[in-house]
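The following blocks contain the structures, represented as structure tokens.
In the two assemblies presented below, chain A is common to both, partnered first by chain B and then by chain C.
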Partner chain A sequence: MSASRIEELQESTSETRSFSLGDLIRRRPETITLMLLVAICVIVTAINPGFLQPSTLIDIGRASVVMGLFALGVFIILAAGGIDVSFTAIAAFTMYSLTVLVLNHFPATPIVVILVAAILGGTLLGVINGLLVYHLKVPSLIVTIGTQYLFRGFLLSFIGTVWIMSLPPQMGAFGRMPLFQFESANGAVVTLPFYFLILPIAALVTWWILNRTLMGRAIFAVGGNANIASRLGYNLRTVQIFLFGYAGALAGLAGIIHVCANRQANPFDLVGTEINVIAAVVLGGARITGGTGTVLGTLLGVLLIVVINSVLVMVGIPSTWQRLVVGIFILLAAAFFVTRQRKK
Partner chain B sequence: MQKTGGQLVMLVAINCLLLVLGAAISGGSFLSLFNLQSMASQLPEIGLLAIGVMLAMCAGNGGIDLSGIALANLSGVLSAVIVSSFLSSTDSETAFSLAFIAGALAIGFLGGLTNGLLISKLNITPILCTLGTQMAFMGLAVVVSGGKAVMVGSPALLSSIGNDMFLEVPISFLIFVVVAGLIAAALKFTPYGLWLMLMGTNPKAALYAGFPKNGVLMATYAISGTLSGLAGAIIAARNVNVKFDYGSSYLLIAILIAVMAGVKPEGGYGRVICVVLSAVALQLMSSLLNFGGLSNFVRDFAWGLLLLTFLAVGRYDLTGFLFPGNRQPVSLAPRPHAPKRDN
Partner chain C sequence: MLARATSEQGLGRFLELRNIQKWFGGVHALRGIDLTLQLGEAYHLLGENGCGKSTVIKIMSGALEPSAGEIVLDGRTFTALTPIQSLAAGIETVYQDLSLLPNLTVAENVALNEQLVGANGRLARLFDRSRLRQTAERALVTVGLPTDRTFLNTTVSDLPLAARQLVAIARAIATRAKLVIMDEPTTSLTRREVDNLIRVVERLRSENVAVLFVTHKLDECYRIGGHAIVFRDGQCVAQGPIENYSKKQLAELMTGRVIDSERYRTGKPMAAELLNVSRLMAAGVEEVSFGVRQGEILGITGLADSGRNELAMAIAGVEPAGSGTITLEGRDVSIRRPADAIANGIGYVPEDRLAEGLFLDKSIFENEIALIITKLSNALGVVDKEEGRTIAARLSEEMRLNTKDLDLPVGALSGGNQQRVLIGRWLSIAPKLLVLHGPTVGVDVGSKDTIYRAIQSLAEAGMGLIIVSDDLPELLQNADRILVMNNGRVVAEFDAEQATEDQLYRAMLTSKMETVQ
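Right after this comes the complex of A and B.
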């Protein structure tokens, strides 16, 4: 599917410019996301030149890591025609219980082991989601609303509600470890943290799974039409378990990075941000009924949401408008993509 | 549709069991008039939202209304802001109350109609559409109120809806029962009800049969929105203040009630009486957990577990297993067989 899309794309670029632009948008909806992103950046820079400072850009990069990891997980589930709202609960559950575990029982665990444990923990919870979605045969939205409350309720009632302010030292060190560092014009030290690298790596892995493996084929096939895919011999159970397990793994990783970056573990964090993440994926051009979308588009959608969230204040719009603006963006994007399909 | 009667019997049995259990645990005070009244007055807000979710689910094609509680809060907040700009809640109490309720209902209706228009005319998937409007409604409520609670006050009429009794029954509960009855009647005796259920069962066949698809969808979401508006008015009547983030767990609970009532998430089947009974059961359980002195978090955990359990009940037809005598269709309404699902 992707190979033929690339061919079509190459064909379209060889034709006249005015035609190819419309065609490009139709085939690669994330072009619109990119244009929107550039337009917003240009407008904001015109109003407030402070936006283009390296410190602002690095802040945006830093803020998009956790959301980007979530979004990759949501995207891969969306591509298969499902939807997940429990990933924030998985992240909160993994990060908090792992932090408690390390703090109280294994204070000497190296950070690599902690990261792997977070991935494994997230995978486990994700697999529970996958099994439930497959066996209950109801829309995954309803199942994951249930598991969201299940995981979060379990965390808050049986594991703890205390805000942990002093992390194990190796986790704090990981959050501070710099990728590169420089001094900005006003003398403050700006740091791009090392954990930023995890997002591009995760994006590459996701891209590889979707475009270079049989599982990726299976995911898009199931998203296109689950019945036909299962008659073609794809095992729906394996696909569902893989999908939700993978999304859970990304969520667990995102959770532990969230802790390290903020240098505190708050069990009430993260849950409630899931709509922002789904909005980002949808703005990136993935259809909510499945079968389409690209990793690049998802990342652009994440950037768009992060930029909207952080620039509203810079251009003088009160932060109370943030939800309304994002909500309207979702509806506009949905309406736009639907009319685009109809023209086709 | 073999479980039509079974679900009803099971819900009645669950309710009786909970009442007995409550009485046994609390030594009778669970069944005191005061406790029953306070439970009945907590029920309407969530019950109305659950009926809205049920209608949207019945429409099929992935129908669901996630914007319910956000729209309810928006109705309360916006109506309070608009009405108190030209009326004072202390000087002209009746006029303020009436204007406030009318405003909340109108805003709920408009919000629901927006959902319906987006879904039917623009063909946006209901999940995505109501996700977007949920955020937009909540955002609008934040913008209008500046993120703070808006004072409604307690003008006589409004506060009597929220707090007073009629023949020892809370007035808000009576309103809920009447509205639920109206919707049940509309589903059973009007063409709209038949269209809605048949459309949910098989959208393609409904299209070829010439059903007014857009009209049915718009009516469904507009009714759901109006119910949210009514819920918003009742919330305001009970709480004196309205705020944009009231009842953040209501979204899950409304879906839980609908699923517990045997409403099919894939569309085509749902009964109002079951939704009412399952809302009652949930309220009983919630009060029971309160009596047991458990925290809100345990309750969240229990709700999640309960939702998944009832999904499993619906999937494996455990009701038929538990009540084998009730597998015959009892309902008089014409009900087509759902298309067979391959497993």
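Right after this comes the complex of A and C.
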């Protein structure tokens, strides 16, 4: 490294303002996700113009909520260099126990209290994850594989295995409550449910935490290098507990929305969809090794997966192909990000 | 021998260590350190690798707890500091590994800590972007880095190493520091950047900030001036104004034995030509031709961008050459990858031994036999461990490793010993030619001595050696001939016995202007 390199640096920084797509993609890998998303939408619309109907778009929006909440939690943990696979079990645990509790003991609980209880329940389970990750000094993947089994095992052994088909009425009502409604061309009533709002709000809150608070910077610092971050004075214990607690809160919320939206509580639900969510986050440009990614990218990744899941049928591709397509996209996007990074 | 620092009762007394002890398991790393640091002074903490320097720094910065003793900081007594306490009191450390967060921006790396310390480590606080930028700009100007928005928002992993080193220094001075500790801050800086750093240090001292250097580069210590603190085996063996000690005295204090800085090279090259490189072209290397005889030690130097690194890597197959011929013992050889070089008997000890050379979490034994693992295994792929151990023990003996425990992970060894393991590994395949790239970077005086002696005995045995290095005394002491590279070409050749450092420097720098003209 010679002096001339630093001088070059000084000179080049003034030039690099000019726009370059490659540079943009390297800085904001979610551009690729957006481009893929737009490409798919254009292709699908060309084959089947029915895709652009409001009802399809609203279906996509509705289908994104649970996955989006999960994905925000996964993303924030990934940003700090960890990984979580227990969030589905946390969601299943909170949603089912809470439904049982409300149904059998507190039938009059208002929905707001139920939502808050779901958030608190999820936070509690998440904090257990965080404490284990910090104190056992074991990679979070191992810890959360363990707690996924633990939470789910506890749920099925002690709380119940019965599929609840008739929800407490206030939960069902929340699932149906419209944000807005209109009549589509063929006369059917299309509803964007109220709970859809929760996703953008959660995304905003997550964005705000990550970009406007010291905790947010600490999360990325830990994701960059945990040892160095701790040497610089970041308290790893606080960060881990916050991270997993926050992801747990989002999971609890997602779980209860899942119940309300589907109007049934199945204790066997959700667990098994982790990989789908992690795939969405990675497609959104977050590196699996941590320290990078954006909230917007995460949402785009979720949209991409949801769109693939819901539109393949519209263009006449069997739904069994869905995984194939998602798999190809992940490999393509990964290969693309990696080569971009090497080129610098 | 024990000279105390002057004016012990100064008002500027900032940090005092009293009888600090540190045990790591059964190892007594610090055996009662007493040290007083005053504001506005410069200190040079000197000693061999493994003497306890890093441990003391980590205790000051709160990364380690002492086993016994007390720390008096700004009049308050502690048994141990936390990182936040230490930072809040104004102790900033530039670690050897720079401790930058690669995924964050320059501005964040420089100035985020100010806010973290301001919040006393609590994270439930808003993060002030405009203050971040102001603090970062102020600090970057001081170390001579750009301050425009693009640079501030550059991710640190995209910066060259020298710029990263300056960013790390900028972070240390971004806050109102009272003591700045710099652990080998100049390893990747050029002369001009070092000059700039020295100005920064002078400025800090005039602002009544104490600066503690940890370094192996004695010349820089003399230029900066101040107090020398010499450690040996976890004890402080000397303290006092650095100008009271000669280089030789300091080296002896550090090692506890007499080190002569005479020429190591005693042997003579043989007549037979071993290697001939003709019109070699590679990225950054323009038509380089030279030869190495058996038993000869050839030094190659130049500025970092002169092509010397690329030349070494081309011969070793790490970054293969574009064109030109390499002849070994009269036979043309094609070297497209490291395996080709190894097959032809060319060994390469890379500059960055941690990243490129060693398996840090594997044992000495496993590292030493890494190249001969196929030879040691039978038809079923089972490795003959007994044979391997015998060989590893012999290599460690030859390289004078300071431990007999071959199961120790290499990561636990000092830099000098790691380098010896790496060279020892190459000896296992008895190469005809060994290319050593910066063989003593980050290695202390005592280890240098051992490595130089080993290099000489390899040459005695008929091996050809190429040392690529910017440590000029190293080349002058060890080589037969020295080639100076510039702008990808060999611009001068010196007889190492006659040449002086000054001549080499001039060839490195002035010929650059000639080639430009």
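Just so it is clear, the second predicted complex is superposed on the first by the 325 of 344 C-alpha atoms of A that agree within 3 Å, B and C clash if a C-alpha of one lies under 4 Å from a C-alpha of the other, contacts with A are read in each partner's own complex, and residues count from 1 in each chain.
By definition in this document, a residue touches a chain if its C-beta (ideal position, glycine included) is under 8 Å from a C-beta of that chain, and two chains touch if they have at least 3 such contacts.
No experiment lies behind these values; they were computed from the predicted model shown.
Give one of first, second, both or neither to describe whether A:L232 is in contact with chain B, with chain C, with both, or with none.
second
Quick check for you: in the superposed arrangement, does A:V138 touch first (chain B), second (chain C), both or neither?
Once the two structures are laid over each other on A, A:V138 reaches chain B alone.
If you stack the two complexes on chain A, which partner ends up touching A:T292: first (chain B), second (chain C), both, or neither?
Second partner only, chain C.
Using the superposition on chain A described above, determine whether A:P178 touches chain B (first), chain C (second), both, or neither.
Touch status of A:P178: no partner.
Applying the document's definition of touch, where does A:L156 land relative to chain B and chain C: first, second, both, or neither?
It touches chain B, and chain C stays clear.
Pick one for A:I330: touches chain B only (first), chain C only (second), both, or neither.
The first partner, chain B, only.
Who does A:R212 touch here: chain B (first), chain C (second), both, or neither?
A:R212 sits against chain C, while chain B stays out of touch.
Under the definition above, what is the set of chain A residues touching chain C in their complex?
By the definition above, chain A touches chain C via 1-6, 9-10, 13-14, 16-17, 211-218, 220-221, 223-225, 228-235, 238-239, 242, 291-292, 344.
Along chain C, where are the residues that touch chain A in the complex?
Checking each residue of chain C against chain A gives 61, 63, 82-84, 87, 95, 97, 99-104, 108, 112-113, 115-117, 119, 121-127, 144-146, 148, 150-151, 154, 158-163, 166, 188-190, 192-193, 303-305.
Provide the residue numbers of chain A that touch chain B in the complex, in ascending order.
83, 132, 135-139, 141-143, 145-154, 156-157, 161, 227, 272, 275, 278-279, 282, 288-289, 320-328, 330-331, 334-335, 338-339, 342
For the complex, which residues does chain B have touching chain A?
62, 64, 118, 122-125, 127-129, 131-140, 142-143, 146-147, 248-249, 251-252, 255-256, 259, 265-266, 294-295, 297-305, 307-308, 311-312, 314-315, 341-343
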